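Take a look at these structures.
There are two complexes below, and they share subunit A, which is joined by subunit B in the first and by subunit C in the second.
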Partner chain A sequence: MVPSWQERTCESVGVKTEEIEKQLRKAAERLLREKKVDLFIGYGPSTVPGRTSPVFITDPKDAEKLIWNEFCSINLANYLPRYFGGDLNNRKSSLPNVGLAAKGCDGRAAVVLINENQVPRQNLYIVGISCEGMAELINGKPEKLENCRECSYPAPPVYDELIGDKKISPGKTPRFKRIEEFRKKPVEKRWEYFQREMSKCIRCYACRQVCPTCYCRECFTEETRPRWQGVSSEVSEVIYYHLGRLFHQAGRCVDCGSCSRACPVGIDLRLFLQGLAKDVKDLYDYEAGLALDQSPPLAVFKPDDLQGFITEP
Partner chain B sequence: MKEFEPKIIAFLCHWCSYAGADLAGISRIQYPPNIRIIRVPCSTRVNPLYIFKALQNGADGVLVSGCHPGDCHYLSGNLVARRKFALLKNFLSDIGIEPERVQFSWVSASEGERFARIVEKVTADIKKLGPARKLVKSDF
Partner chain C sequence: MKNNISIAKSGFRKLIDAAAKKYRFFAPVEEDGNVLFRDVSEGGEITFDYLNTTTNPKDFFLPRFETLFRYNKDEIEPVLPDEKSFVVFGIRPCDVQGMTVLDKVFLDEDYPDGYYRDRREKATIVTLACNRPDPTCFCGAVGGGPAMEEGSDVMAYDLGERIIMKPVSRRGEDFIRAVSGSGKKATVAEMKEAEKKTAAAAEKMKTEIDLPAVKKSLDSNFENEFWTEVHQKCVGCGICTYLCPTCYCFDLTDESRGEKGKRLRSWDSCMFPLFTLHASGHNPRPSGKERLRQRIMHKFKYLPDNFQITGCTGCGRCVRECPVNLDIREVLTSVAVIGSPSNNDGTL
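And then the complex of A and B:
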């Protein structure tokens, strides 16, 4: 039973929810019935207005629980690594087949996971959905999410079947506009902004938990030999955590915006991740999650990589 | 009032930069004594977390020096490091750390004089900036 505030109303975002929902339910029911997948991950209703919850369906009859509306913003690819833990070479036969309802950002995150050998391609069935942008409730009104307004790839680049138009138009706002403006500011103003944002952090690690590419069994923050991260709430330790996590996302972040949305105190994480993504794109012509068998940009090199930053006497 | 003397942590790769620094010492080339050298096998060994840690623990600057591209003892270490350091430099600049605080250089084992000049330049740059306070954690 879908609550009334989640029914198809959002004209401001323009999401054609009914048709997509119908096709998604049909696809999930068929895949589970034909045993092409053992588990289907999608969106279901939530108890909180303006949100959806993930659902994990194993019975074809439960496909009716799937919904699709303008609040399907969480990145479902976050749930993939847990089903494929262990040595992939030895346990291929006992790994489940998982179906995923994937928007553009979810699909790109799944591709990054496949390229990093966390999820085998043959065990993942991606039901791609051309996403017209998701929204969140601000003062009771749905507002299109910032990363959806700037989205360059609304349809997943890799999919097994696609619901919706493959040639969906990207977001209207230029993607790196904000970081380009930010970089024009003087160094002290940038520090002031960063420090102000960081001083809000309560180290709940929601950003790390919700990020699909943060799947390390032992994160550097929990490592004790060596001990990188202190536990105090001092701003310097807080900043260290973010410097570590953000830099670990270089060339891997797909800009799904989950971290910024999950943050309970509203830290502007996307700005600094965009800086890294812009540099990786400008310097090494690479964007995360666009194709299978892409080599990670920080694991390879070209003989003529730019080195203007090297100090000369 | 004593002049500010910066503390600069220098990560030098064992095969080239450290040898270059050693040559500078043997040749009795004078250069500022502000660097504290940490020898690493290759410049790639330098994890960005070390650089953040150095700044957090009170270093006024960090210098990472490796072999020239193409001359890495491990063939491609410095080439992979080059990408990492380029991104790191821009990232630190984005968050508001002055770009001159963390510098990268290529110094070969025969370039004692060049090493001394690079250290001179880095020390002068950081002296101008003053003590690093932004990432420093308090002692208690």
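And then the complex of A and C:
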């Protein structure tokens, strides 16, 4: 008999998710059988209720292991860079072909990775899924995730095939609502909140490790020659790390919410990332991961760029 | 038995006030959705309603970071320890078992660690037995239990309205003596009820892990394809090790400006790329495969080999908090059968 904790949970919320699951398995099976991909990354069941766990499938027979339900919130694009050596200018002779089950946010992260030369488009097969929003269990009941309630792009903007309707309706809560409310507070209150959130940090780096667009092979916080920052968890050190990471996400974060969900002490990282996303949208009319020919606003220079931030010394 | 006391939860402040004359008093407090140990000697609301604290109490003895000493050119300025004794109320038995693992390492006869020993000697551990384990708890499978006394100074039991306390060491007796005025003697019926509740909790835990089989398999499978498969989903964060009550790996760093500086000891994690990175640039654990293997080997082979103790207490934090559900119970179940026919594809 299988002990109870090993009975993997696989909650389903009705016909629609079951249909998606069926199509997803079919697609993965076909892609692997026809050798269009060497590996398919999707979701499998979890030992903890209200979660799923990534699965890496190489045998078409194993496509049956794939599941689809309202708890597929992990951003699977996070796994892509490792298959391509991280540096495409210095690529190995033969790269694998990888299939990816991608919701809107996974798909957008994949686009950022392609645009930043971390993943070759031709080696990635995106099985897009029109996503109705993911949930987490709160007191045993599924509740839609905050970033899903505010999601503007539930279907991936770039895909090789799509399961579901491309014209799926976006989240109903206005985007940037929380950050707009937050910014109305006086600067002292905001600073106090920021410091309070930061002071929880134990520097486990889960926020960075689950982030699909955090792929630096050596993070500044861990560089030792020279060492940019200390090892303690004093709030100034923690802030230094988080500011470094957060600002590096400006114009790159796809709002999948992974960092906030992974944080074991519940730091509200998403709020600060939303602030940066809003600024980039307002200043450059840019959102990350929407098209393959996008140039990241903070990585290019245009003669008509805003110059107001430059001040005389 | 005659020293067992019974305290109304509503009157717990009285107990803290009595204890605070002699000790700093730490207890679980709810803070922004986390349950953390806080000094409540001067005030603060204790919670009794928690599965376990979010982070674990190893922080009391092996802090996330600490300054070992300061220096100025060739002068060394020691960092003096806090003089006052302290009580930690509400540690769960699994985390106390974690301390017994840390004790083996840091109170080793030949190489005792003064910083650790000093804090350990000042501490009185009041363990709160578990009535409601989570499905992710598995202390029973690794030699513990919801009312395990080993390592504690006082065992406490939650009877709903009241907390029963039973001293199990001399330090525990000192504590009970200091606070006995704030409660009454526990009755035989109360002690029976406490026993019943924790026995029921033990019944609820179903996980079984064949530790001898795991050890035997690890002895001969350092090199095995299994490790290539099993680490795949790991994202390489430090949640499992930082929340683990037995993980004690640390790093030593000098932080200096000019001739002045300080030497810090901080937690390290075998999951991190800097862990065991040599000055030459070589790293014997270059990828997730070697790192996950190290975590499993350390807990279930090296600690049993070196200290005859298992490096896992079943607290379940790594199971609950892993962002990708890399469940150590499943890893161990698979390790136990590496190479056997029941594990035909070597995957999880």
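The rule is simple: the second predicted complex is superposed on the first by the 284 of 313 C-alpha atoms of A that agree within 3 Å, B and C clash if a C-alpha of one lies under 4 Å from a C-alpha of the other, contacts with A are read in each partner's own complex, and residues count from 1 in each chain.
Here is the rule we use: a residue touches a chain if its C-beta (ideal position, glycine included) is under 8 Å from a C-beta of that chain, and two chains touch if they have at least 3 such contacts.
Computed from a predicted structure; not experimentally measured.
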Just from the overlay, do subunit B and subunit C fit on subunit A, or is there a clash?
fit
Can A:30 be said to touch subunit B (first), subunit C (second), both, or neither?
neither
Can A:191 be said to touch subunit B (first), subunit C (second), both, or neither?
first
Where does A:230 make contact in the superposed view: on subunit B (first), on subunit C (second), on both, or on neither?
both
So, does A:281 touch the first partner subunit B, the second partner subunit C, both, or neither?
neither
Please indicate which partner A:246 is in contact with in the superposed arrangement: first for subunit B, second for subunit C, both, or neither.
first
For the superposed arrangement, I'd like the angle with vertex at the C-alpha centre of subunit A and ends at subunit B and subunit C, nearest 10 degrees.
90
Name the contact category of A:52: first (subunit B only), second (subunit C only), both, or neither.
second
Name the contact category of A:182: first (subunit B only), second (subunit C only), both, or neither.
first
Counting only touches as set out at the top, which of subunit B and subunit C does A:149 meet: first, second, both, neither?
neither
Contact-wise, after the overlay, does A:121 reach subunit B, subunit C, both or neither (first, second, both, neither)?
neither
With the superposition applied, I'd like the minimum CA-CA separation between subunit B and subunit C in Å.
6
Please write out, lowest number first, the residues of subunit A touched by both subunit B and subunit C across the two complexes.
230, 234
Of subunit C, residues touching subunit A in the complex:
32-34, 54-55, 64-65, 135-136, 138, 206-208, 232-233, 235-239, 242-243, 251, 253, 255, 264, 266, 269, 272-274, 317, 319-321, 323-327, 329-330, 333
What part of subunit A is in contact with subunit C in the complex they form?
3-6, 46-49, 51-56, 74, 78, 196, 200, 202-206, 208-210, 218, 222, 224, 230-234, 258, 261-262, 264-266
For the subunit B and subunit A complex, residues of the former touching the latter
48-49, 52-53, 56, 63, 69-70, 76, 79-80, 82-91, 93-99, 103-106, 114, 117-118, 120-122, 134-138
In the complex with subunit B, residue positions of subunit A that touch it
179, 182-183, 187-195, 220, 228, 230, 234, 236-237, 239-240, 243-244, 246-247, 250-251, 272, 275-276, 279-280, 283-284, 297-301, 303, 305-307, 309-313
